[in-house]
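Next up: some structures, all given as structure tokens.
In what follows, chain A forms one complex with chain B and a second complex with chain C.
Let's look at the complex of A and B:
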């Protein structure tokens, strides 16, 4: 008897710290159980950089802080049947969104970058320039949550989410039994 | 004192004259969510998270007196949604970044979000206000980004400490907690004040310096159980 086709999963890290991808590894030996149900397509884990075919589930870590993040996120929405925002940064901007609260001046982005690269108290930047290499993606005016850019189907909370909540959500989604999170599983830290 | 009975979600409970709905519910082991109310402080009824239906009307359970034969609704889908919306709006009004907050795990706002099944606040736009920090005091700091204007510190300082370090300033959306001096160092606030104790500020606004991470994330108050579980456990005793 041939094995049933496995679901294809793609993942990406946008404005995040890769902690949520590390949290995927926190599923430990349950990863072996999961690989019976899924194969991993485009992902930093496989180093595949673009979609070769449509994926069943896309998992996004991090929000959008630059134009490249938006491009990748839209690419995922186009190529994935179900899109999951994994962790607080993807859900509400997280740590990078701290810059949004200081963005109330006339030239907020300039002020932010000048403090980060030129005028900040502990900066040692011998060039006295804000990096502007053409290869660097342009920063957005603010950090946006994934759901502000594209339609998101499920959000898994946590910073980083526990291996338990990731395994529980994925395994129940794959078998069509997902009915929301248990109250004891919701954590924002 | 006259004793009487009334019902919450169809369960008959005992009450005494002069008790509020919430006080009677707490004694009976029924938890009604609350943020601005705290044991030992005068009731204020401003956060509206404790809203219940009494005789079909919406009232705040922490201020509404219990009455004989009253039929109170508490855990209904409608009230659950209303409370969740209120908590979501509080998340959107300030800068509540749980991953960087030292109160995470001890925070009642966060714990209330867990209890009310809020996985992510996404319905409303974030206001992202610009609020100043006050670290002038040698032992205490204020991070107003996290203040929800519950006024617990105001009542604790006035009624328990007899000081009046904190007070409301402004009206409507501009209402916030102000100080009796230019900054916290100028007030007579002391670390030993009830208003400064960790139980009074429900969020991470009033910070006691140098103890923030004494208990690691994951081993804190609401990592052990949902908010209100110690009240609900009374019901089974």
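Let's look at the complex of A and C:
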């Protein structure tokens, strides 16, 4: 008898720190169990850069801070049946969204970049320029949560989420038994 | 050496003994340039000390002290705060806490005359925009600014209780109503030519009696007088009857009449008095809440103008019932034009033996009243906040229980009633409980003052028995094309045409008196957004659900208005609203989501029409072009993802 078809999973890291992808590895030996159920398509883990075919589950780390993030996120929405926002940056914008707090300025983006590259304390930038290579994607006016750009089906909270909650959620989703998080899973103190 | 920048709030870093610095400054030999600074400071110090002395350096009179300092110096300087702190025995930061709380007090130098334009939604719909422009051009300053010569400041203020004659403005301590752009330009010219605000009302302002002055400035607009308050009223008949009764009998009478509080919550007045009377205490207080800040409410304004004696009579009766010897009338800062009028009434009653020692010759019946001016804070209409404000604290609500009837002003049992409630009580003592309870309907006895404003022919005051329908009131007010009516102000209920048959009483549409009419020409979401911004502005900031939640609600309504709302945002509005209602500390947060909740219920199409569905589950409400526009200009290049005509 042939093996049952495995679910296809794709992942991407947008404006995040890759911590959530590290958290995926925190599933440890359960990864072996999981790989019996899934195969990984487009993902930094496989280094596949674009969808080869439609995926069952897309996992997004990080919010949207630049145009490329938006492009990738929309691509995931078009190509995945279920889309999961993994971790606080994907859900709320997280740490990168601190720049949204620059208000009461006519040009908040310029102010942010100048502080980050020129005028900020502890900056050593001998060129005194803000990086502007044509290959760099344009920044958005502010950092957006994924749910502001596309519809998100599930959100797994945490910074970073534990390997337990990721494994628990994925294995339940794959077997159709996901009914929300247990209290112990989302208690952080 | 004293050396504070004009806007310096170095008060916070001077530690616990700033007074020492001030004394050191006094005793140091002045020399050179510093002597001038020092002289200014010394004279200010002396003047502020004199103001404090006028209130016996009592920290509980902080609001009065700060109001007088503000009046004299057009701001509360760090220097003044240090002096006040030193004399009242408080820390400077406590003084700053009060000074920074109230919007009529300023920590930066304002003009000698402050022009406050009423920025209520009714004023906006009556042409506030053009009037603002006229003032800005005429005075040469923008809203929020102060003229270079220090003569004028121009600012917006929420509802000043003149919705029936909008647009209106406060100029210094006087109010001007029914403004037009032409009138506004003339006023600006006159002020610039050196006329005092009082001259704008009448050239012989000083010769007029306080009552005449109030009548010159503001129309009463009494459209329908009922049997209880605005009809003929026998002077002090209730008080004389009350003297023949024992305190418990007075309370029995008021309870039997079925009188309920007229401020909106509708607590049974007799019960409130009984609770205060039976509490063991050395002293008790009676406070009249004349801080009607609910936008669209102006009934107390009319009562204070036309029935002040009845109001004080009611308070005196309450004092006898509960055994209080001191009372406070808390008058909202916006009604400062009525201050002299009320003071004159109090003085007159003292002279006639109706206030003071042994009232009407009754031995041991001592009661006197002081007038406490507010300073522009809506929250002070909440009784706990009002008491805090009377105590010289920032107007923050108190934790309940204990309720004011057990522990109120200065920790003593306190009866806080609305101005209208006291007037009713006096009439009940005059005409009897049965006469009163025969009017109105089951559960809501007597009459009620309704202040009607907005899109109608006859805005003004209507005294009607409880139980009339909204439709009946609208017909009287000539509001034929009413499409939406806000009953009870923004913290009340917004109803649509299909429910105009609802009744104005506690069991159906409870209201503190505000009835604001909107015609079909008005945008419901604009109105809702305005009221949310009002609550954002007026939240005292003590608890997070109210301080932050209302900002989120306002933002969400903004999304609807911009057509950027997702289908899920309607649920978001409901969820967030119920969180705010459940977790807020006082009545403000418990009612602030009402403009949204009642319009969601009664005008659902207004919201659903503005929702943008998603396509392919990608949100249309996120506009990539406007999101990258700033970066495109900064980087001086186009997007190779989203600019379709992009070429290398």
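Going forward, the second predicted complex is superposed on the first by the 185 of 189 C-alpha atoms of A that agree within 3 Å, B and C clash if a C-alpha of one lies under 4 Å from a C-alpha of the other, contacts with A are read in each partner's own complex, and residues count from 1 in each chain.
Keep this in mind: a contact is a pair of C-beta atoms (placed from the backbone, for glycine too) under 8 Å apart; a residue touches a chain by one contact, two chains touch by 3 or more.
Note that the structure is a prediction, hence the values are computed from the model and not measured.
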Next item on the list: Determine, for the superposed arrangement built on chain A, whether chain B and chain C clash or fit.
Entry: clash
Check: After superposition on the shared chain, which partner residues are touched by A:100: those of chain B (first), chain C (second), both, or neither?
Finding: first
Next item on the list: Mind working out whether A:186 is in touch with chain B, chain C, both or neither, as first, second, both or neither?
Entry: first
Margin query: Just checking: does A:151 make contact with chain B only, chain C only, both, or neither of them? Give me first, second, both or neither.
Written below: second
Note to self: For A:78 in the superposed arrangement: first (chain B), second (chain C), both or neither?
What the structure shows: second
Item checked: Which superposed partner A:33 touches (first chain B, second chain C, both, neither) -> neither
Note to self: From the superposed pair, tell me which chain A residues show up as contacts to chain B and also as contacts to chain C.
What the structure shows: none
Note to self: If we count contacts the way the header does, which residues on chain A are in touch with chain B in the complex?
What the structure shows: 85, 88, 91-92, 94-95, 97-98, 100-104, 145, 147, 155, 157, 159, 180-181, 183-184, 186-189
Notebook entry, point to check: Within the complex, which stretch of chain B touches chain A?
Noted result: 95, 97-101, 104-105, 110, 113-115, 117-122, 126, 128-131, 145, 217-218, 223, 226
Next item on the list: Report the residues of chain A in contact with chain C in the complex, numbered from low to high.
Entry: 66-68, 70-71, 74, 77-78, 107, 109-110, 113, 130, 132, 134, 136-142, 144, 148-151
Item checked: Contact set on chain C toward chain A in their complex -> 614, 616-619, 621-622, 624, 626-632, 634-637, 639-642
